[in-house]
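What follows is one structure encoded as structure tokens, with my remarks underneath.
Chain nomenclature is as follows: A, B, C and D, assigned in order of appearance, with residue numbering initiated at 1 for each chain independently.
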Amino acid sequence: MTISTFADPAPAIDQTDDSGDIRDQLRQSLETVLARHYSFEQRRDAHESEARESAAAWSAYAELGLLALSLPEEQGGLPAAFADIAMAAETMGGAMVLEPYIPTMVAARLIAAGATPAQQAAWLPGIVKGRVRAALAHEDDGARPVLAIRHGDGWRLRGRKLTVAGGDSADLLIVSARLDDAIALFLVPAGAVERRAYRCFDWTGAADILLDNVDLPNDARLPCGEDALSAALDEATALACADAVGSIRAANRLTRDHTHTRRQFGRSLDSFQVLQHRLVDMLIDEAFAAAITDTAIAACDGSDATARMRAVSAAKVRVGEAARLVGEQCVQLHGGMGLVQEYQAAHLFARLGLFELSYGDRNHHLERYAALTL
Amino acid sequence: MTISTFADPAPAIDQTDDSGDIRDQLRQSLETVLARHYSFEQRRDAHESEARESAAAWSAYAELGLLALSLPEEQGGLPAAFADIAMAAETMGGAMVLEPYIPTMVAARLIAAGATPAQQAAWLPGIVKGRVRAALAHEDDGARPVLAIRHGDGWRLRGRKLTVAGGDSADLLIVSARLDDAIALFLVPAGAVERRAYRCFDWTGAADILLDNVDLPNDARLPCGEDALSAALDEATALACADAVGSIRAANRLTRDHTHTRRQFGRSLDSFQVLQHRLVDMLIDEAFAAAITDTAIAACDGSDATARMRAVSAAKVRVGEAARLVGEQCVQLHGGMGLVQEYQAAHLFARLGLFELSYGDRNHHLERYAALTL
Amino acid sequence: MFTAQEQEFAEEVRQFVRSHCPAEVRAKVSEAAGITAAERQAWHRALHARGWAAPHWPLEHGGTGWSAIQCYIFAETLAEEGAPDLGSFGLKMLGPTLMHYGTQAQKSRYLPRILSGEDIWCQGFSEPGAGSDLASLKTRAELVDDHWVVNGQKMWTTMAHEANMMFALVRTDPAAPKPQMGISMLLIDLANTPGIDIRPIILLNGERTTNEVFFDNVKVPAANLVGEANKGWTYSRVVLGNERLSIARIGINRRQLARLKRIAGEQGLTASPTFRARIAEAEIELAAIEALAMGMLARVRAGFVPGIEANMLKIRGSELQQRLTRLLVEAAGRSAARHGAEARDPDRPWAHRLFKNHFDTRVVSIYGGSNEIQRNIIAKTLGLGGGK
Amino acid sequence: MFTAQEQEFAEEVRQFVRSHCPAEVRAKVSEAAGITAAERQAWHRALHARGWAAPHWPLEHGGTGWSAIQCYIFAETLAEEGAPDLGSFGLKMLGPTLMHYGTQAQKSRYLPRILSGEDIWCQGFSEPGAGSDLASLKTRAELVDDHWVVNGQKMWTTMAHEANMMFALVRTDPAAPKPQMGISMLLIDLANTPGIDIRPIILLNGERTTNEVFFDNVKVPAANLVGEANKGWTYSRVVLGNERLSIARIGINRRQLARLKRIAGEQGLTASPTFRARIAEAEIELAAIEALAMGMLARVRAGFVPGIEANMLKIRGSELQQRLTRLLVEAAGRSAARHGAEARDPDRPWAHRLFKNHFDTRVVSIYGGSNEIQRNIIAKTLGLGGGK
């Protein structure tokens, strides 16, 4: 056993693990792409443009193979672990990417896991090549839940979905609907619905989806059901955690740089003990958030649904705590500068704040976790 | 309007108010008594002695008139506001007094407010003179609640009360019992019950009270009922808050003195910014705890039962937060010394920790408050 | 808590607000939806006509002669009812400072115009490198003949684009032995002085509430110096002390709490034991803040100068405000992620404002001396570390 | 998380504990009720007989050659099952230090006796004025002929009254340019050396777990110097580093969590949404601590030296332990106020121990370098304030 000393030459937490070589290469390639496409100005321009995201960036993700990860090779996919997708999500979270990578990959994996070969062939190659974006439309409008009924040879859907992440630019929606007391999933081309697209406070896109008696062919229904939906929602949550970890790392780096550079009362801010301890607590939360997210990501690749739900809810709660602390203190330690549109701090605060509202809030996941462990 | 400046010559929060002159004199007299009777060694000796509390101290409280405050003058009482009793409780909290002043005064006020003239004449003069200690025995043993039935001309009581504060040395118990779906209150001489007396972790005394078919005369029942009991419990809670405020002040003073004297790495502990801010947060909590306790004490003297319940629950919750922070940090900033029997820090931690467990915990009062305001 | 007379007075104020401030303006304030400058000015005129624009001012300057308690009741009733805030810069910060340190000419000219709302003031204290550490400010002013010639840059100048006047700190003696000793306070006419460039700072919420202000050889009449030259630091402490008094933010916190309860009720969250508990915790914290503030007021009434209690109230008042906006966001859930009117949730048409409020509120623990600085001040006042 | 083989190993360990450690001893450990020295020694002998007294030691010294993962599984399984802790001073702190820096004679004599439990060690580091600031220690040792003559006082010497040996830091060069440079480490035979006075320190819980130790011209053979003279500071860092590794306290936290769930269930509190949420929060924090510890172990396996992660685990592991004992107290309610067996609640015969546990646990954020010191270390390692 190695003897540890206080004087450790490598202070930063190193998150690489043993399956790391290929993943590291991919990460570096992605970082290069993001350095090219995601300068502060480019991100703002993408936000303000009509198309709203950078089509160039999306093509670059496709070229890197990020949109193919873990999908069936016969549909153009590449063999990969879920952790590879999480690495991409984390890296994109660090650059505050606006494109709907998580919604698209979650939808694609749901198709790969639960769709017929014909359905896979119809959609997956387009996703892999970057021509089709997809999103999972699940959260119902309480007053108007989406209902499906048999209609002739096919299906008719009616109802409304609210605040669908990535729903603004999705070409394909996977819509959950009540069908005879169960939940069924339908592949719905975006052209078939009315949608109201908008931006969230963190500049990412979303949409409300109105299904006003949308008629679909028989083969629009996915053969899988609630279990697959539950797994997909957990995957989305775990990837959102990875994205948040990326933003937390970026926020900590930014805050450390700022407090190191900025001087007050003749000293650098980071020489004040109160701020040092705050920065330390932020870093500790980063380490815990990253570690528990790794656990959740691994559980998503496993076969035990209960273990997956437990690990994902634990991660959502714990990363949420870290997101709150780091987001708030990133702004606080930047002072007025932390609120300004031209600097990253406020953007990171917004992204981390909205993470907490997405994929089930703290209460929801605490209660789910308690139900599984008490 | 006066213009404030940062340089205020009087840093400590001054809690005197306008009815203060007589109260201040009383406080000073009590402080003198406590200085005589409550040195660290005397307190330990009292704890370890058979009688367990200092009879001399109790006589001194009686001589000062503290046991007569607000009680009817015809029974030997002195005109006073509830705030005067709270002042005494706070001062005793600062010295960590072991005698059951709060239980006795709460019982006495319940008798003054709800007993017949004959009952008052039977008990109050003895209390005022320091010859009778009293306690309110309310918390039932879940498995064996106290029930009352008619028995001949009188009453028969059966059941068990747990962890009655001051029950170890009380001469008189006011016992709550279920009687025909309502709650009735009975005056029970301690000799009539079986009691198991013991010490709590903070050295104060308590007892479990077993009523094994205790027969009482007809006039043992107080004419008042649940409203009076509810008011008495609120008064006990508010006085416990005042006692805790006294302990909080003492803990803050002790911690400031210690961190000022104690040197580490060549500097006084209180020159480290992290500890400075911790001491500041402890002081802020002291100020808030004291202020909200004043509000609760005032509400106990008012006629609006809802306002009283709201104010008392608010105080219990908020003082509890302060007690937790200050108790824990008092030990933390004392280091190992904070755990030792020979220093005050650990005793203050214990007293503040047990305050949180007494008269309804945080959850109970949060829920009661929410029920009154939502 | 209050006497019958004081309660009657509160009722009179409440009725005045309801009859003189349009319901739609009050609704906008209560929803933190933002009002126009014209709406604010109309309310200022209404208050001024009633003689209530500056209740805390002495009678001789157009105040009311009210007790501290009355001033408190007045301010909190206005905040509770959703009356627009008239702003602190003129009425609360500069006005009382001029009364003590201004020349007779300054008092005669500026106090009535502050009172009437004719002048709108902003504060030129912060600079790019001098936020909480004001003493390091760099904007220079040199006396040339009978004018101060100002060069430099101010930052975080809230509302400068709506104001016509600024009170500013400038460095007048660069050679002073301590940086605090070479600073003066000037009154600057923004509307009629060449060389001033006001540029917007856009916050992430898309709003311009603050600015950078550049001074290029700006000539300010010598008569516009407040008090004595090189004593600006002392005056600035007084100005900020005045700001601090109003910063426990009890009225706005009470309003936000009412909003939270309403929304939580609509969303069925008052049935959730965990959410109920969190609302109750926030309400209890507000009760504690009010209790401390009332105690402080009672002592002010008795002639004491408020000390570190004001710093304590600033810290916890701002923390509570942040806690409340956060709870509001949680009550709205994912709907709060939406931004801007075009993203309005059809079923929760108020929800898209809540994250913006939450974001905006982060500033309250930063400005007026960050909460860290407040704690430093308390520590210093307590004499902590004096035995270093 | 673990391979099938590793799980099988865990099962083997579990069965060993159940068959070799009496159920009543394990129950007492699980209830934090305290066990006797004889019970602890019996368990030590059982482990030693199986070759498992010091699994993390190298094979040559009587260790197991297990991987870091296996050592982790072993330790956590023991903790989970309520096996008595053998103590850190000999097995975890001094042992590995002697392997690196001890003389051959020291290794040959002391390592086997640590392994067998024949020697019981305590640590003489802290002094009245030197707790977290060890470098300021004052106990002197002078070399006279072939003995070190020791004078001074140690404090917070945990278990000194049960130990027969002490490893101590003493000042051997008072003139060293830095206080750290004049310190040496000595091995002191407490049982057979005149001039040593061990006095109890009684904690508020009434227990004696720690002591003051006075040295009056105590003669320690020169051969009992560890490594070189005046290098004791370096060795002490190694010793404390070894302690730090075991200080995330995952096993004990898991046991306390199980206890909390059991008691909360019995008290009907698992039906309370707010209490459920707090248990879940604590369990999630434990999951995060375990996740970070596992990652650190994986890197240790790959040859990395654990750095600030160990400090992080110390901070949050101790905070969680405090949170759990506090939740236990709350679950017991007012019954937890009772103290001592004679105050036992007839319906909750375990409750009177809980406040004592809660009190005892306050020490875990103080000793082994307080949590404030841990944060200072992390800050320093990160280079914060380097631009001062």
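Annotations
As a convention for this text, a residue touches a chain if its C-beta (ideal position, glycine included) is under 8 Å from a C-beta of that chain, and two chains touch if they have at least 3 such contacts.
In UniProt terms the chains read A, B, C, D = Alkylation response protein AidB-like acyl-CoA dehydrogenase.
All of these numbers come straight from a predicted model, not from anything done at the bench.
With A-C and B-C as the two chain pairs, more C-beta contacts join B-C. With centres computed as the average of Cα coordinates, no chain lies farther from chain C than D. Rounded to a whole number, the gap between the C-alpha centres of chain A and chain D is 41 angstrom.
For the pair chain A and chain B, the distance between C-alpha centroids works out to 53 Å.
Within chain A, the positions touching two or more other chains are listed as 272-274, 277, 363. Within chain C, residues 272-274, 277, 372, 375 each touch two or more of the remaining chains.
Across the interface of their complex, chain C is touched by residues 272-274, 277 of chain D.
Chain B contributes residues 139, 141-143, 162-163, 198-202, 206, 208, 263-266, 272, 274-275, 328, 331-332, 335-336, 338-342, 346-347, 349-350, 353-354, 357-358, 361-363 to its touches with chain D in the complex. Chain contact summary for the complex, chain C toward chain A: residues 126, 129, 131-133, 136, 155-156, 201-206, 210, 272, 274-275, 322, 329-330, 333-340, 342-343, 345-347, 355-356, 358-359, 362-363, 365-367, 370, 372, 375.
Residues 272-274, 277 of chain A are the ones touching chain B in the complex. Interface residues of chain A, counted against chain D in their complex, comprise 1-11, 13-15, 17-18, 256, 259-261, 267-268, 270-273, 276-277, 279-281, 283-284, 287-289, 291-292, 294-295, 298, 311, 314, 317-318, 363, 366-367, 369-370, 373-374.
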